[in-house]
Amino acid sequence: MADLSVNLNGFKLKTPIMTASGTFGYADEFEDFTDMSKIGAIVTKAISIEPKKGNAGDRIFEYKNYGMINRIGLENIGIKEFVSKKLPLLKQKNIDFVMNLAGNTVEDYVNCAKIAEENDIKAIEVNVSCPNVKSGCLEFGTDPVSLENLTSKIRKVYKNFLIVKLTPNTSNIEALAKSAENGGADCISAINTLRGLGVKLDITPFGIKKTFVRGGLSGKCIKPVALYMVQNIKQVVKIPVIGIGGISSLEDVLEFLAIGADAVQIGTENFTNPDITEKITTELDEFIIKNNFESLDKLKEELRK
Amino acid sequence: MADLSVNLNGFKLKTPIMTASGTFGYADEFEDFTDMSKIGAIVTKAISIEPKKGNAGDRIFEYKNYGMINRIGLENIGIKEFVSKKLPLLKQKNIDFVMNLAGNTVEDYVNCAKIAEENDIKAIEVNVSCPNVKSGCLEFGTDPVSLENLTSKIRKVYKNFLIVKLTPNTSNIEALAKSAENGGADCISAINTLRGLGVKLDITPFGIKKTFVRGGLSGKCIKPVALYMVQNIKQVVKIPVIGIGGISSLEDVLEFLAIGADAVQIGTENFTNPDITEKITTELDEFIIKNNFESLDKLKEELRK
Amino acid sequence: MKRNHKSKVINNIKIAKGTYKLSIQSDIEKVKAGQFLSILCNNKTLRRPFSISGYENGIIEILYKLKGEGTEFITNLKPDDDIEFLAPLGNGFDVKNVQNALLIGAGIGIAPVLFLKKVLSEKNIKNYLITGFKSEQEKIEGSDKTIIGGSVLDNIDELINEIKPDMIYSCGPSIVLKKISDTGIKHKIKTQIAMEKVMACSIGVCRGCTIELKDGTNKTVCKDGPVFMGDEILWRI
Amino acid sequence: MKRNHKSKVINNIKIAKGTYKLSIQSDIEKVKAGQFLSILCNNKTLRRPFSISGYENGIIEILYKLKGEGTEFITNLKPDDDIEFLAPLGNGFDVKNVQNALLIGAGIGIAPVLFLKKVLSEKNIKNYLITGFKSEQEKIEGSDKTIIGGSVLDNIDELINEIKPDMIYSCGPSIVLKKISDTGIKHKIKTQIAMEKVMACSIGVCRGCTIELKDGTNKTVCKDGPVFMGDEILWRI
């Protein structure tokens, strides 16, 4: 096996392919479907200070094989239950993970990060980009000043690996990336979902039944946007960048590596193929060996020449 | 035939389905491939005050059947040649059209609009969202204050039908829509292309050949984003809104009408199927007749109930 | 144990108007009626969930209606074609301590209760299956009583008074299910309702398919369900 | 006249390693060598352009290499399948006043010059076609000379001195075309070069396929080309 390891500014991954927040739960369910040890790290569903019930009504809308729209609304068990019930399992099973966290106020984030610090959680990913919750949180995601302030406050209470995850729903992702870096983030991940609306019309003799799902667009259709933004972010920051958006094949992973991504996350494709991360990781390994690139680092070099 | 006509705030279209700027040229070439009289109106390729040569290098990148990325860079013949060579043809052939215009400075826009006014051009669409030209023009597209200023200056010199076309590359399309309305626009069209990057890697024994195309993403993959933004715009302005983005079927047109679009434009799909607008228009007509909706207006009502 | 199966189609036949029966080879050892599987469709982002309508010696059977592109993909599968699916998923119907069951299937909702009827009969538990279809052409065989055109709810009170079931099982459109749940409450009979919701992961991780219970909790249809006690569901219709 | 044809495949056969010949029925009355068509591929946003390699009584022929998903779609077409394409597109080669032509095709670039050879021969214009392929297995028949492994440029000066052509026609990878253009300039012989560029509309409206000429103008490969005078092209490689 080739050396696939990545050192993200001190945070070490055995492979560069992680699973994205909200698409892999807390890792527990996926054991039946894939070999967890092949995954670089799993990112948990967003955790907030209090449990959240999420949105009522339809939460999922499929857009053919192009992607999907979700409006889960950050439903989650809250950090206390995460720490008491899920964390011991993750540690016991030796699963490398990143805790994704979301909040409505700066205090929420800071308090969550504190608890993460106290419980020796090795890495957190700050979700400032959830487009499907009304209250405030998109603000941090689109205003560079608020984002730098938020990041630096989290930085003060959290000493381990701090990832800030950016939203594509902005005209200036570069400024946001710089804010995260200036605020003290160790790493940036991008992108979260694009804003999208799914419409389904059932036209029957008795009238027209309409389904509307407004939320976050993910999957294959967002890949060009993600590539664009990751490339732009790489040009303005020195910290590592994790590329996310529409990845479903080894080719996609190589494209993100070629434009400078240090690692990647796979989201929606986990629903289509629950063993996709394991599969691509195996393919990456074989690809490196077949082409005599020796290691992931060497491959990255070749791709960026 | 059903009554498909639309009155957009005074600008009358015989059908609600137009062709989008940059995808139908100046209408001349398409005569060989489709019946122009079936098209609501064609929107010309963006015209600027001076001719533009556009970008060097690869300009087109296909992303499977999801869409494409272009970086034409607003290559065009300039308004003088448009007025002297293309305008007479359009008038002679009795083609309903909208002149799309782009510029680098407020003066550019105003001067173009003046010439449009002098030449009795019935409608213009102001492209403030071209994402693939470096110089300035994206600014108007993302800053509400500049956009209102720009719109009102154009309004002063141009009395006919004024459409402002918005970019999706912003965190606040609602504010931009309101700016356009406040500035005196008669109508809004949305969306222009999303920013996107296409990457192609050819991995050969002799090395890795890379193609990068950074530009505007269009086609099926952007439909959910377009639907989302058009719905949001409709909620904040009173003027009519033309929906654009990823339309390739009657179903797509109905979805845009259902969320409130007053008319639509078809872009990328013209490349796939040059007679698509004619085809969907015929289908729309048949659909209205088959379901006894009588007219487009009645259909819109039913779709919005 | 539930997992991702890469297997083969045995048979895929039309059994009624717009309705098909698909049989799939598998090495699954045990399935409960009410459980479902989730099929990968190559032209779709999300897998498509279907109730298991029969199981014998590893062979899994589903009954499905042609709806859109996903089921269209499935109708095109031929014997010996590859098929990939997650199974068995969900909790299934609970038959413990039941002695006299009324089973109600509205339309294609017959699928899981047909399987349940077989299970109950094998356990010698008294049962009665009533189903309803829009038209004779859409009718699927196997019920004790079939209503064509009308609703399975039409004479439901009389039927309950006659049969005196100690448990009602049902699957179908949610508007029907809510009424069955209400009927159960009225007659003080427990109902077990197989719910449907659009699913993304179908294994309980994405929280895309939740319904609310009266106790204020959110439950996933795919993992906590699809079968819920009717009187615990907070109906939103 | 150019338009969108909805027609039928006559034949689609493999003629060399990774190389196929497709014949299509059409009611097209006239085609110039160097013109192309643009095929709708159901799995693709953009149509795929191919040089016309032969034409007789409405039957259009192309030679194509399997590259990616678009050509994969085309390889799967069988006789009598529907096919939709725009044709005939572009300007084609100019043969006016030519008396002694050298034709050079590198790889699949043979397609348009093979057609041109036939046209020239029918007009009794002297011509010589030299082509090159990576390997014997990829070789396509019909040339006066074929180079396997090496490059069509290998002994080009000698060949020109021998033949003394008054016009050179060529198609192939752009790096080869540039060298042929340079060679033409050196020998003071005009070159007609069939260019390739990724196309969106393929009918001259989108400006997606432009190349620059030395006079500072942008020309579309799809409409102003694909054939340009080699000495007018501003080579960017």
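Letters A, B, C and D mark the chains in the order given here, with residues in each chain numbered from 1 onward.
Assume contacts are C-beta pairs under 8 Å (C-beta built on N, C-alpha and C of every residue); 3 or more make two chains touch, one makes a residue touch a chain.
Predicted model only: the values in this text are computed from it and were never measured.
Chains that touch both subunit B and subunit C: A. Once subunit A is left out of the assembly, the remaining chains are joined by touching only within these groups: B, D | C. With respect to subunit D, maximal separation of chain centres occurs for C (centres as means of Cα atoms). The distance from the centre of subunit A to the centre of subunit B, each centre being the mean of the chain's C-alpha atoms, comes to 33 Å. Computed from the mean C-alpha positions, the centre of subunit A lies at a distance of 47 Å from the centre of subunit D.
With centres set at the average Cα position, the gap from subunit C to subunit D is 59 Å.
Subunit B and subunit D have centres, each the mean of its CA atoms, that are 35 Å apart. Residue positions 63, 66-67, 220 of subunit A are each in touch with at least two other chains.
Annotation for subunit D: no residues touch 2 or more other chains.
In terms of which chains touch, the assembly is arranged as an unbranched chain of neighbours.
By the definition of touch given earlier, these chain pairs are in contact: A-B, A-C, B-D. Of all the residues in subunit C, the ones that touch subunit A in their complex are 1-4, 40, 42-47, 69, 86, 198-210, 212, 218, 223, 236. Remark: subunit B residues 22-26, 29-30, 32-33, 45, 53-54, 56-68, 70, 72, 75, 219-220, 268, 270-275 touch subunit D in the complex.
The touching residues of subunit A, counted against subunit B in their complex, run 63, 66-67, 69, 138, 141-142, 167, 169-172, 194-199, 201, 203, 207-208, 210, 212, 214, 217, 220-225, 227-229, 231, 251, 254-255, 258-259, 291, 302-303, 305.
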